[in-house]
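Letters A, B, C, D and E name the chains as they come in the text, with residue numbers starting at 1 for each one.
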Amino acid sequence: MSGAEDRRAPPPGRAAARRPVAPRLGRGLLLAAFSLLFVLYVAGPVAWLVSSSLQTEAQATAVPPNWLPPEPTLANFEAIFRAAERVVTYETRRQGDPATGGFLPTGAQNLLPSLRNSLVVGLWVAALNLLLSLTAAYAIAVIDFRGRRATLYTVLATRVIPDIALVVPLFLVIRALGLINSLAALVVTYLAVTVPFTIFILISYFEGIPRDLYRAARVDGCGHWGALRQVYLPLSLPALVAALTFAFLTSWNEFVFALVLTQNVEAQTLPIVISGFVMDFTTSFSFVNAAGVIAIVPPVLLAVLFQRYIVSGLTAGAVKG
Amino acid sequence: MPRLGYDERAAALLVFPVVAVLLVVAAFPILYSFWVSLHDVVLTRPLRRPFVGLDNYLRVFADERFWIAVARTTVYTVVTVAATTVLAVLVALLLNEAFPGQRLLNALLLLPWATPSVVNGLMWKWIYDPSYGLLNGLLVQLGVLERYRAWLGDPDLTLLLIANAAVWKQMPLAALLLIVTMKAIPEDLYRAAKVDGAGAFRRFLHVTLPALRPGLMLVLVYETMISIRHFDLFLIMTQGGPGDASFTLSWFIYVETFRSLRFGTGAALSYILAMATFLLSYLFIRFLGRRL
Amino acid sequence: MATIVCEGLTKRYGAVTALEALDLTIAHGEFMVLLGPSGCGKTTTLNLIAGLEEASAGRLLFDGRDVTWLPPHRREVAMVFQSYALYPNKTVFENIAFPLRLRRTPRAGIERAVRAAAEQLEIAHLLDRRPHQLSGGQRQRVALGRAIVRNPAAFLMDEPLSNLDAALRLSMRSLIKRLHHQLRATFVYVTHDQAEAMTLADRIAVMRGGLIQQLDTPEGIYERPANLFVAGFLGSPPINLIEGRIEDGAFRRAELRLPAPRAEPGREVVLGLRPEDVEAPAPHLIPLAGRVELVSPLGSDTYAEVSGPAGTSLTLRVPKGWRVREGEGIEVGVDPARLHLFDRASERRIA
Amino acid sequence: ARAQAGGTVNFIGWSAAVDQVRAQISAFERATGIRVNYENFPWAQFRTALVTRLVGNAPIDVSWISDAWLPEFAEAGWLAPIDDIPELMKYNAEAAEYCTQSMRYRGRQYGLAYYGDHMSFMVNAELLQRAGIAAPPATWDEVVEASLRIKRQGIAEYPLLLSLAADTWLIEFVSALVFSHGGRFVDERGEAVMADPARGAVRAARFLREAIHTHRIVSPGAVETAEINGLRAFGSGAHAFAIVPTYRIRALNDPSQSQAAGRIRLALMPKGGPEGTNETCGWIRFYGMTPGAKNDRARRERAVRFIEFFGGRDTAGNYSMQKLLLTDLGLPFCTLPLNEDPEVQGFWTRWAGEGGGAVIAAQSARTRKKDVISPWFGEWVETANQAWQSVCLGRAEPEAAMRAAAAKWTELRRAFR
Amino acid sequence: MATIVCEGLTKRYGAVTALEALDLTIAHGEFMVLLGPSGCGKTTTLNLIAGLEEASAGRLLFDGRDVTWLPPHRREVAMVFQSYALYPNKTVFENIAFPLRLRRTPRAGIERAVRAAAEQLEIAHLLDRRPHQLSGGQRQRVALGRAIVRNPAAFLMDEPLSNLDAALRLSMRSLIKRLHHQLRATFVYVTHDQAEAMTLADRIAVMRGGLIQQLDTPEGIYERPANLFVAGFLGSPPINLIEGRIEDGAFRRAELRLPAPRAEPGREVVLGLRPEDVEAPAPHLIPLAGRVELVSPLGSDTYAEVSGPAGTSLTLRVPKGWRVREGEGIEVGVDPARLHLFDRASERRIA
């Protein structure tokens, strides 16, 4: 009906008043101060790890400490990456002397394979964990079935017993399954170790997702699987990232179970190999630290990759009220 | 009234995989160690392991070391959990802000967590070392300290120093969980609070903090669970010492099980610790959880 | 298409009873409007029909089949939520397309259906946005769109037009009406808008505190309200209620006297007079005089608060073309056939 | 020669001398055709890993065993005696008596030595010289005196270095102190005498306490100083005296590992108090065989050959492994014939200085095994460690601490019957 | 109390301009109603006034003070959000009490104020519940409660009554009116309900596409709509618009002829006739005849769709007391003073 557009020509643009600087400055300073503290606390020790890994043993244990490497050396790293699988005979054996920089703990050649083992185990655990805990968490958080709470508490209860008490029986189980010294043993074990808590993480997040969304999905024709896939999965990305990181890093860090369930380079994970560098006769801190630095890198890279999924406002605009 | 049970069936199906994994891997060890806790299993006497009911538990309660361990564990757990939680809240608040460099800080946050426990223990032991430790070096260079001193060797400080190493490593997970919870807070609530007249601090108090409840529940439950059972740092850093300064329950369990080879009392101790852990977790969940 | 039968449907939330033994039969293709004050259980009724809440007691039948425990996605009902419940991660297009995708509609069919719906809802230019980028009314229309692209057995709509402007509401109303005619699906529709209720409904159920007060056609509800509550609830401004008693076949209150032939003498009653049921005085009408206290012009109409006879205070719609001023007298005529009479004790309608 | 015997030996050890072990394994595999499956774990976690495997019946044939565990493991049925295996028993004839004794429990022998060592008293000759001290002190009183002098002159803050962290080494360090004070923990009948003020244990404890708290010649940090940290600290040249395992002499005098290289000398363990002797504490680690291996003919044969090759002579008739360990790492051995080997003698001269070898031999002759080794050792030592540490921290009177350790001993001993 | 001045306020979301150079002065204690179609920028305006969004351009003054960059919590405005935005962890009581707590009101004072507000909002029995245990209308009233317990310089209300039933809406409306009278605070109020807009507003701003179309008193807006859009936007059912041209001082379309004395001859125009502006034929009225196509009874009124002269289709309100039937003829009278005339090209009002 209304034919021509009645659009007043916009009045000559009056620029917005200049945004005052003071409050922004205050916030900036506060943030900067806290950021600095944060960096010092979180990255300080790691910085030392890096710095000492670039020093020789003598430099690293000097008094007063060398905060920065006086003559940075990559010897420790070179040693790790050069170390190759070799036949040790009388001729090729190493006589340990940790201070020379050329020192290489036996087992250094296992570091990269164990890094691979750790990665494989961690990724499998993270992936399977997600599958298992997503479904379970959805059921517990969303579906009102009898025994809902009992399920949660039972699952959590599997994690209250100290690992050290479970070491021997777990060894028996894994042996019965014929999985000793296999990555599969670690994967199932870590699944059992991480799943209860990732379920818990996801549940507590799911409960915050507006229930009307679930209802809408159900009315639109989703079964429980559909609601999980279409509503809960996409809306809980941050929690998924947290759960994934948790599962991955827990397997990445785990020590006691790996110690008893694995025997050699076939299945040993990074922590086991690194702890093997802490030897009775010769411990090279600078070398251990170099290994530590290498161990830190992959998870941090992964984390950086996944971090962009930790965003806010995922449910903005979904419901009113 | 007939009940179709679609929900029940779906729930069963969805929960089944987890239950299966746990049954295979977790159920036997847990039941086995419970069985052990009811028997007098001492490995140096392999031929006799009679059923003794709750004797192992009673023995433990009668052991003065147990009460020392309870005291140490309590101090350690409370300090670790409290410090982790408070720090994590602060860090989460910082990282939840948008500012240049925030992504970098986010990546840095992962550093301690990604540091393998073994390296973490060694690193802190090194930092605390009485003759060439960094802490000494730093404090002396800053003029705070006159000469190098023993840190872990001071029984009044040992637990706190170990706790510090633990907090450093555990805080990132806690912070991440809190950040994730914060991301789920509807922006509308902040807008409402602003209009209602709340400044930044009150918004934190009245909007962020209540909304953080589920996150705090996660953090408290998890941190309690692992702190109360912490073991590897003690193995690497103090082995329960000096004296009994870091003689915690989990260390006691280790000693009883693998040093004394008394699996029976070790298991009984484990179950006592497990009960305490479960109870605490339950309280946190009931207190902070929504529908749980 | 479905006949929906609620048999004693009850819903309790702890100590709160949201719905109490609701008996309601909605026929094939009927357009049923639920009307009632805030918190009376309308949304709860829809939720129960959709299967989104478990009934605490009672049965629900679709076409004679007991579906009380049938999960929602098997019920083939479409619903517009009072809270919209849009999928925040999906675009408007995907939100609307979602139910079709779940039904494996071919891609082209979806495209066509969604575009057509968006066109009708006047949100075609918003298809690529996400819900948080929309205004309130736009969100509401997306929610509506998600329902109307479907072809379900029943539509459940919970105040689907509440946040729209009058013009839009009108066109949406006719859109829904058309939909109803085309699909002949059963509709259960919640609204607070009387015009909507009256124009759309085949029948209206007026609820209060979880109970149905009256179930009737729109005219029935408006013209023969079953009790005081229904009478008072419909109409804006609401009906004027005057307490009095029946004497000599007439309603009496002090000097006020109005004919009421069919009422039982001696009864304590309440007389109802709708503000719009007054006209210019005329011989066949009962005259009613008073003093204008307050005038509220609403544009299309003007209402006056009048202190009438026998200490009553009445709200009356000023007949077309009159000019009234506050403080002046006014005299109007009332058609006795349009008066409502209720028993004061039982609050039931007498005549 | 006898190659192609085939089969595998499962051998488990802690992460020490790994390259030497592997070198020897290569030789063994070449010589016998038997494959070796070698697993190793850090010492700190070794017992956990080993116990788990033993309880879980993992197919282990041979394992390194510490003398401290022998009674426990034997009682648990995890170790098989080898005294009915002549191929192995024949080496007793060439072994130091003290070593053989250390592998015996209840009259049976359970293995062949991997290495045997004792705690040595070492001095930093340069610091002594700077302080004008001509000869190493011969008694602990003299040590105190000398230390105070060094301390006064500002040469060293804490002249005496002791590594008393609560780990498995602690009992060996304090045993050296106790023995040199002429003391015993237990008497020949196995009764605890450590609390008897007349027997050296209390005296040793009192010495420790005074050294730390009265004279301040030992750092309070000693209670957190583990053996390896102690080694580093001594190697940094900041201390004049130390108790160190003998094998560390090689590292301490190696310029690439120690700033004090070339200045560390060995001396006899000082005598403590009136009944003091120069005795020290020794220990050995040995190759043990599991009953599982022993009861299976084929496995047993392979295990025996393995133990012989490593703990005895190799197929060429040489004590190759022992020599390897000494020359590469400084680990002393139990096999007497090797003492005559010129290479070995050269080694001692090179690393321990002129006469160093003689001191070692003399000290070796004054070495006692830990008298507390028993089936309840693992449990008792926790209490003992705490007691010693409490003394060091000044939180317990030496007498009371020793009484507590004695009481625990008696209690466990009774309970074991 | 505050005078609110918007100077060229502009808000852009990427490519979307939600608000375009808004100039609006709201006086001390004025009740300003924003009216406009869905998505026209009403909520955006409120957000800018409250400080919840940053203006892309323009200035905002409170009592002459530039507050463009003042954070919201320093502005002392109370707001009812379209989406309610209740604090999910707080009870209803705590939700309403929250702004008072922030102002350190004494405990007793809070208790009294919250109870009083809850009483008026008819949610006193819900004070211990949490938002998720409330019905839609109850939530909306809690949101309203949170605003009305305060005594701010300005109230911003975004469709605060949209989910309430007519009866409740009426009483809430008078509650707001009373509040306005008592506090004399400035109100900026968004609604789609014409009755609400007309009764509450001192002035109404009709917006469209981020621009103000007309700013006037309610009567002014209704009776002298500035352009076709405003005319068409107010009124339900909407105004009838008939295109034609001016000839000989009269509006002409085919055989239809209506007097239009003040209009310029030869102009292409649109004639507006509100449905309710027809009466029984009378001498001083222009007669208008047609055939009834559709009858919609709304209870209080009945509307008829009529095919009128010159091929027009008109919606007319059937005068009181008439009975019309579909297919029959109808003849009514129109007061020429109540006709609206707009220029067809500029869409501006002519007379």
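Throughout what follows, a residue touches a chain if its C-beta (ideal position, glycine included) is under 8 Å from a C-beta of that chain, and two chains touch if they have at least 3 such contacts.
In UniProt terms the chains read A = Carbohydrate ABC transporter permease; B = Sugar ABC transporter permease; C, E = ABC transporter ATP-binding protein.
It should be emphasised that the depicted structure is a prediction, and the values quoted were computed from it without experimental measurement.
S.K.: For this structure, I'd like the pair of chains sharing the most C-beta contacts.
M.R.: The chain pair sharing the largest number of C-beta contacts is A-B.
S.K.: Any idea how many Å lie between the Cα centroids of subunit A and subunit C?
M.R.: The computed centroid separation for subunit A versus subunit C comes out at 56 Å.
S.K.: Take the average of all CA coordinates in subunit A, do the same for subunit B, and state the distance between these two points in whole angstrom.
M.R.: Going by mean C-alpha positions, subunit A sits 17 Å from subunit B.
S.K.: Can you give the whole-Å distance between the Cα centres of subunit C and subunit D?
M.R.: 93
S.K.: Two or more other chains in contact with one residue: find those residues in subunit C.
M.R.: Correct list: 71, 82-83, 133-134, 136.
S.K.: Return the residues of subunit B touching two or more other chains; collapse runs of consecutive numbers into ranges.
M.R.: 7, 131-132, 186, 188, 254, 258
S.K.: In subunit D, what residues contact two or more other chains?
M.R.: As it turns out, subunit D has residues touching two or more other chains at 44-45, 48, 51, 55, 232, 236.
S.K.: Using the contact rule from the top, write out all pairs of chains that touch.
M.R.: A-B, A-C, A-D, A-E, B-C, B-D, B-E, C-E
S.K.: Considering the complex alone, what residue numbers of subunit E touch subunit C?
M.R.: Spelled out, the residues of subunit E in touch with subunit C are 13, 16, 35-39, 42-43, 82-83, 133-138, 140-141, 158-159, 162-170, 192-195, 198-199, 218-219, 221-223, 232-238, 274-276, 279, 296-301, 319-321, 335.
S.K.: Help me check something: in the complex, which residues belonging to subunit B touch subunit E?
M.R.: For this pair, the touching residues of subunit B are 186, 188-189, 191-199, 202, 206-207, 210-211, 213.
S.K.: Which residues of subunit A touch subunit D once you look at their complex with the stated criterion?
M.R.: Per the stated touch rule, the residues are 58, 61, 63, 87-90, 92-100, 105-107, 164, 167-168, 171-172, 175, 180, 256, 259-260, 263-264, 272, 275-283.
S.K.: Quick check: in the complex, which residue numbers of subunit B touch subunit D?
M.R.: Of all residues in subunit B, those touching subunit D are 43-46, 128-132, 147, 149-155, 235-236, 238-244, 247, 254-255, 258-262.
S.K.: In the complex of these two chains, what residues of subunit E are touching subunit A?
M.R.: 7-8, 10, 20-21, 23, 55-59, 66, 68-69, 71, 82-84, 86, 131-132, 136, 139-140, 209, 211, 213, 227-229, 232, 241, 270, 344-348
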